[in-house]
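Worksheet for the structure shown next.
Labels for the chains are A, B, C and D, by order of writing; each one numbers its residues from 1.
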Amino acid sequence: MDTRSSRLRHIVNSPELSFLMEAHDGLSARIVEEAGFEGIWASGLAIAASHGVRDCNEASWTQTLECVEFMADAAGIPILVDGDTGHGNFNNVRRFVAKLEQRGAAGVCLEDKLFPKINSFVNGTGQELAAVDEFAGRIKAAKDAPRDDQFVIVARTEALVAGRGLAEALVRAEAYWRAGADAILIHSARTDASEVLEFKRLWGSTLPVVAVPTTYHCTPTDTFRAHGFSVLIWANHLLRSCITAMQATAAQLFTEQCLTNVESTVAPLREVFRLQRMAELKAAELKYLPQPVRPSDGDGTRDAVPEAVSVQ
Amino acid sequence: MDTRSSRLRHIVNSPELSFLMEAHDGLSARIVEEAGFEGIWASGLAIAASHGVRDCNEASWTQTLECVEFMADAAGIPILVDGDTGHGNFNNVRRFVAKLEQRGAAGVCLEDKLFPKINSFVNGTGQELAAVDEFAGRIKAAKDAPRDDQFVIVARTEALVAGRGLAEALVRAEAYWRAGADAILIHSARTDASEVLEFKRLWGSTLPVVAVPTTYHCTPTDTFRAHGFSVLIWANHLLRSCITAMQATAAQLFTEQCLTNVESTVAPLREVFRLQRMAELKAAELKYLPQPVRPSDGDGTRDAVPEAVSVQ
Amino acid sequence: MDTRSSRLRHIVNSPELSFLMEAHDGLSARIVEEAGFEGIWASGLAIAASHGVRDCNEASWTQTLECVEFMADAAGIPILVDGDTGHGNFNNVRRFVAKLEQRGAAGVCLEDKLFPKINSFVNGTGQELAAVDEFAGRIKAAKDAPRDDQFVIVARTEALVAGRGLAEALVRAEAYWRAGADAILIHSARTDASEVLEFKRLWGSTLPVVAVPTTYHCTPTDTFRAHGFSVLIWANHLLRSCITAMQATAAQLFTEQCLTNVESTVAPLREVFRLQRMAELKAAELKYLPQPVRPSDGDGTRDAVPEAVSVQ
Amino acid sequence: MDTRSSRLRHIVNSPELSFLMEAHDGLSARIVEEAGFEGIWASGLAIAASHGVRDCNEASWTQTLECVEFMADAAGIPILVDGDTGHGNFNNVRRFVAKLEQRGAAGVCLEDKLFPKINSFVNGTGQELAAVDEFAGRIKAAKDAPRDDQFVIVARTEALVAGRGLAEALVRAEAYWRAGADAILIHSARTDASEVLEFKRLWGSTLPVVAVPTTYHCTPTDTFRAHGFSVLIWANHLLRSCITAMQATAAQLFTEQCLTNVESTVAPLREVFRLQRMAELKAAELKYLPQPVRPSDGDGTRDAVPEAVSVQ
């Protein structure tokens, strides 16, 4: 059966390099889908930031879950959820994973740190790794939790981020593979990709490997392709584009105290309505609402606001 | 006592024209505050759109409430909440308003339509007005609900949007004033401000008047100032700037399959962390966490990712 | 495929009289299942009352949804959800129904009143009926919303409760049948069943008929059986048994200021743990947690609290 | 100012022995208040069990928070919330505590275990204690989080439950006192109170001491009074009385297939409505709804269902 989980599994397992684009709410998820991407990365950092909280489990796991649900409802492509540590021990993990599947996610990525986590790009306290066998137990629990065995479990090791070196990263990847992981995400906070590439060389093809070039963004994509990576994640760039745009728009409106110049730089209102699928609602009204004779409604277009209401 | 409600009340009552800037999540709320605005408009349209749903009460009132809570936690300036119809009758209104106050909002704007509402810029079914006395009862209930009598109740009439004309708008404004409203929001979906300005001329100064120049964005702000308006709302422009930015970034990444060119066009990761107030967390760790001797932590800066971790 | 929806459909369609027992949270749902019932009635009144709010949509539809989710997670038998009016118009209905199905409900009952509803046993304002064709549109939308076409839509008419008489009840039932309803719930607030029985006689067997003998509790069950009813709902009796029990226990503890006498009248702590399925957790720990040598743990029984920890 | 926090503080600090009664939802909270108790214990075990989940943080902290909110809305007396471990580290604690205060709780009890916790009466894995200084940091953070400095922080040590002995319990109590705790809860899973009493003797009066005689329920209350305890908590007995009552009612209805005999053993429907405060709603309708001439409504009593609708 063609489910979103099976489609994400295909993305992960296929020999070509694929790309997942970050989204953090229903709107961004729909934009990612419309841009043509095969799948979505529901970024923990971006979801936290858009809520105005920090990426150290300040939002509860059910608040994150609800955000994922809005994303899965807004876009039809598979969503790989950044599941942080799984929000506790094996028992929290299996509950979290079962709920993610219920709400329409296609897979989850779990990292070998302890709850509460702290973002991998923030230095200092909190980058401690979980014991290998304890985290392997979480992966095993995650594998057993979904109803659909196509649901994808990605094991992310923070061994390099924590400064433990390649050998430990490999040992951990092997343990997570044996525990049932479908892919390994090798994370690095360095500005060059060398340790990530070296990991891939040493690891080989036991399981597909995912990379997140946030800090080593200068590395050409063909390098990852040549090394046989499975998936690259553009992990937070829609959120960051929003920040730039909102700061500019807010500054301009604060200074100019007038909409006139801003109007042409932002999406028109009708584009908001189109993204919200207002046309589907108008069609549904015809189907489900009693239809009075309303000659003045015409084609549903309000004359005075042509740009606002064209909802096709 | 200087509360957010009393500050919003001052904004509404003061003779100068003030501006409220739309926000739709914690991040945008913080950006509005940093831009210097006195207050935030928690737009129903923008909140719905960012969730990926439509502005006709597809999200439940508690989901909207939770969004407002994240906004109030992320920004210290007053928030005027777009409360739609109040989500039902007088009883739903008083519950909704009490909860908005509990979560940190400073005021609510209620419109004289029936639940479920449909956005005022969408034509067709749904733009029916409530009976005047029924809606006046909702305003009265809203006034009685908060603990702090400084909490602001704005009554929005959709009489012009519904094509009922100025006379009805004025009758309704009068009824809502008598029911206890603190201000009148006169809404219009026309591309010129004439009917809004005419309303103000006829209404005078019985209560402060709020306008939303989304469709009549070409009207100079001094025109509203000259007519004695109290507040202008820039109602959805941060959301619309996000759409433009995300569509461009997603398209570029889809085409280029590489981060290199995008990196310089989006906010740096350290700006995400700054907006999340990571510096406060690092300071709190020093206060509340056992402090091991960690010479290598230095100033909290990870050498390899200087841009990511400077959290001041 | 044997789903909960198909099992509820079978219950509704089978010639024998079946019984649904009210539950209002995960615990009561599990108790209903353990008692042997075929299915659960997720009562709107009982859910509201247990939350401490009124049965007039004071809790949001997502708060009700979350309660249903806990119930569906706690019990494996089908749940028919008391969906009130569907929480708005056809559009709210289809969203609500799709979410109920997602969370594990097997069916929903919608009543032909307007949002916000008021409980049918409370007199006065609020017992107004929806227009027939508008409500038929809600039923149609409800039928189209679930993925699984076995999901059951019960149309409840309040025509008798609203004093509109049998003729209108029959007209409405017919309209809802044509709109796609799977069964008719004929509600009555009278202390005898005569009007309900008369409805069934006149209605015949076009669709299965459900009755709720809360007020006409003296009518022998064989009477309903003889009239060919499909389902009886015991609609609020677990909640009401809790009230009696809690008031007695609270009064006794307040007076006696001591647990000694209460202890033997309430379920032992180990029964709480059994209902929570602690044994499953202990088994899962063996499967997913690293197993240290812990000789002192023995069989998982703490000697000093034998009654508390026997989790089989 | 007389707040619920200051009232709970008074209960804890006063020389007389006080009693807190468990509640787990809005309904039980209201019943506790009506029974005359000074305050409510929002039991983690009871809240989890009523949701149908286990007492090991299977419900998220925001789900627990929402339950507390319904309780605080339903009852006016102070609520001491069973906060488990605080749901993570110091940072999770301060967020959790600030939110509890926002929703109307008067205090929180935090225990010196690690997230996720497991109920103290369940043997085996999971009863590990937190490091003293790490937990003291959580207490310190909890003290700094609320706006109202009357909000009560109770530090609960599980030293005895974990088999660490009296000396460690005393060391921990001292550390938590120095960190700012307002009271110490000394927990024990034994069937006699000896170790709890001995703790009190050795501890003296540095801070008020709270005990939970769930397992040592045979100890006369005067013994605690004589030892100078501040508060006793009846920790789960309303929940347990519900289980007994619901199992009996469900069994009876399953067997008898008829309401007749059950009707007299459960609270009447009008008692449900009274507990929901329907009379307040009817009064509010007179205040806020347009009042048509409705001669037939009379006193709001529906003739046919006198027991159901008398809402005074």
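Details
Here is the rule we use: a contact is a pair of C-beta atoms (placed from the backbone, for glycine too) under 8 Å apart; a residue touches a chain by one contact, two chains touch by 3 or more.
Bear in mind that the values here come from a model prediction, so they are computed numbers and not experimental data.
Any chain that touches subunit A and also touches subunit C is listed here: B, D.
Ranking C-D and B-C by contacting C-beta pairs places C-D first. Centres computed as Cα averages put subunit B at a distance of 36 Å from subunit D.
Inter-chain centre distance (subunit C to subunit D, centres taken as mean C-alpha positions): 27 Å.
Spacing of subunit B relative to subunit C, judged by their CA centroids, is 38 angstrom.
Counting only residues that touch two or more partner chains, subunit D has 56, 63, 89, 91, 281, 285, 289.
Chain contacts in this assembly form a complete graph, since each chain touches every other chain. Partner subunit C is touched in their complex by these residues of subunit D: 19, 21, 25-32, 34-37, 45, 48-56, 63, 66, 70-71, 73-75, 119, 121-125, 189-191, 213-215, 217-218, 220-221, 234, 236-251, 253-254, 257-260, 262-263, 265-269, 271-273, 275-278, 281-282, 285, 289, 294, 297, 300-302, 304-305, 308-309, 311. Contacts from subunit B toward subunit C in the complex involve residues 56-58, 60-63, 88-89, 91-92, 95, 115-116. Put simply, subunit B touches subunit D in their complex at residues 89-91, 94, 102-104, 131, 133-134, 137-138, 140-141, 281, 284-285, 287-290.
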